[in-house]
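Next up: the structures, one after another.
Shared between the two complexes below is subunit A, which pairs with subunit B and subunit C, respectively.
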Partner chain A sequence: MRQSYFRLLQLITGVAVFFLIAVHITALRLDDFAGGLGVHIEEPTSWGSVMDRATSAGWASFYIILLAVAIYHALYGLRGVLMELPWPPVIARSLNYIMIGIGIVVFGYGSFIALNAYYS
Partner chain B sequence: MNAMEVKKKPLKNYLGIWGWVWAGRYNVERYLYTLQRVTGLGIILYGILHLTINGFRISGEGLWEDTMSLFENPVFAVGEYLVIAAFIIHALNGLRLILQQLGYTLGAPKPPIYPYSHALQRRRPIVLAMGALGAILLLLVLIDFVV
Partner chain C sequence: MAEKEKSLTMGKLTFRVQRYEPTRDEKTYLQEFVIPFTKGMTVLDGLNYIKEKLDNTLAFRVSCRMGICGSCGMLINNFPCLACHITVEELGKDVIEIKSLPNYGIIKDLVPDLTPLFEKHKSIRPYIVRSDSEEMEEPTAEYTQSPQALEEYLQFSFCVKCGLCLAACPTSATDVLFLGPQSLAQAYRYCADSRDEGMRERTAIVDSGHGVWLCHLAGACSEACPKGVDPALAIQLLKRTVLAQTLRLQKKKEASPIAPPPVEEKPKLPVPEFTAKPS
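On to the complex of A and B.
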């Protein structure tokens, strides 16, 4: 039963990632779309623009939430792919823990980048 | 030598990774499954690079601006388009799979009257609709990139 909750969470995070990444891509890369929606970010990859967003509580929270949701969705999906490979038994048994470990490390690093910039 | 004497090589019952790509008469939904994996793995790879490059912010403005100037090369614009294309394909196919898994695309039960239609045929319209929507979005993004 626990597995089905994890699977359901995979579907929920999939929908969440879709909306969050759509906002991220539209605001930062698709100027015409974003302009049509009334969002104008001048030179989104310039240092000034990046730091403006990084020091805004709204954008910093947005990125940390996106990071958490995307990490769960990506690692659960990757685990499904990896489980089909013929691993030695010790790795097959440890795969869940390896994924959880990778998730914690990546989330720690990613949120450190966001918080470091936010408090700079 | 008659036909009975011709020994056919038996098919392997374990296809390994190759079986993800081809194992006989796959239909379009099975290829979409492979595409879902390829795009998912590609997006993970891009995500790792994206996070690594974002980490350059910690070193300050100089390294950040130097790195961003590298991405002004058109080759990176093509790469960026491919990443967005992978995201669109993965998202729309994922949405189809979610609708399917939750039972919204099953349709009403039908009596088995000849000519029979199988479940995949009855769900084919949503594949085509997602494909059409995906093609429109890919074209709009391409226009945004080029114009």
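On to the complex of A and C.
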């Protein structure tokens, strides 16, 4: 497969991460924003608020998508940096597989936590 | 003659020249030569002086002496440049360190092994690729090209294959498989040529793991280029071309047609009466 497809995906995920992180940060600082408007809501990082979001299908999906997008963007960028280092040929050849493996493990673990919390 | 040479001599220069004889030396070392300075002398003049008068075993490549052939590429005071292209006065130092170009192997002394440069250059098909193979094999006329179409790639066609850009490239220093600025710039040069139809084949080559996307736009290649080719610009334009092709945004290019046969025209002025006519 051509590198430009991966590169294009890197650009798209970069833009996506920007907006998804913005939503995430806004959600976590919502009490500050609401407080500024004179509305008092529950602390977003309290146990109750976190579990409310975790058990919501929308938020669970949001975080799984954010996780997937962030993992791709981060690991593709890291792969680009690592590819330029003078690795032994065995590692150089298997670098893509190592990155894919790390991505699958991190995504599996992160989405397991999100789904576990959702079904709790 | 000796007096003239003496009058031009303004001082002494120390040339610290890299030496390496593969059959004898395990690694490179620097040898010092003290030579007279003459106004306007280039680094190549200094090396020629050493070769002629001090040590005839010194090996370096040279041909045209005027920045056209690109043979005398060397690392001079840690900057890759053509030895014939840079004067001692420009360097502004009494001690000049001259080494073989980095990112290449060394054949002997200051002679780099440019094989990777030419292999990478060949790999991107650096020639006009056409679908009309019969015309390519047995041409009947030239392909037409407007001055505007020529401007699209003219700057990039000034490359003399000196290899300085690849020596300066930080990515090439760490990834030997990286195609490098020279071949990528030439890939764009041919893709931008209105007579060419090989863009798809070339983008398949450069859009690879060690291709165009590894360039981080350090710009060292453009700084080193003695001909003003600006390979960094060509690489960015190539990235745009490749991405446009991936997104199917690339306009289908109609290759230049063959020039029509010349039309016989009557001479604008009448032939004078006194013109000798063939018998």
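By our rule, the second predicted complex is superposed on the first by the 106 of 120 C-alpha atoms of A that agree within 3 Å, B and C clash if a C-alpha of one lies under 4 Å from a C-alpha of the other, contacts with A are read in each partner's own complex, and residues count from 1 in each chain.
Everything below uses one rule, namely that contacts are C-beta pairs under 8 Å (C-beta built on N, C-alpha and C of every residue); 3 or more make two chains touch, one makes a residue touch a chain.
Worth saying up front: this structure is predicted, and the values here are computed from it rather than measured.
Of the two partner chains placed by the overlay, only subunit B lies in contact with A:F18; subunit C stays clear of it. Once the two complexes are overlaid on the shared chain, A:R29 sits against subunit B while remaining clear of subunit C.
After overlaying the two complexes on the shared chain, residue contacts for A:S4 are found with subunit C alone; subunit B is out of touch. Of the two partner chains placed by the overlay, only subunit B lies in contact with A:A54; subunit C stays clear of it. Put simply, more of the residues of subunit A are touched by B, taking subunit B and subunit C as the two choices. Using the contact criterion defined above for the overlaid structures, shared-chain residue A:E42 touches neither subunit B nor subunit C, since it reaches no partner.
Once the two complexes are overlaid on the shared chain, A:L85 sits against subunit B and subunit C alike. Subunit A residues in contact with subunit B (one complex) as well as with subunit C (other complex) are 84-86.
Subunit B makes touch with subunit A in their complex at residues 16-17, 20, 37, 40-41, 43-44, 47, 51, 54-55, 57-58, 61, 64-65, 68, 71, 80, 84, 87, 91, 94-95, 98, 101-102, 140-141, 143-144, 147. Put simply, subunit A touches subunit C in their complex at residues 2-5, 7-8, 80, 83-86. Against subunit B, in their complex, subunit A makes its touches with residues 11, 14-15, 18, 21-22, 25, 29-33, 45-47, 50-51, 54, 70, 74, 77-78, 81, 84-86, 106, 109-110, 113, 116-117. Across the interface of their complex, subunit A is touched by residues 171, 174-175, 204, 207-209, 211-214, 242-243, 245-247 of subunit C.
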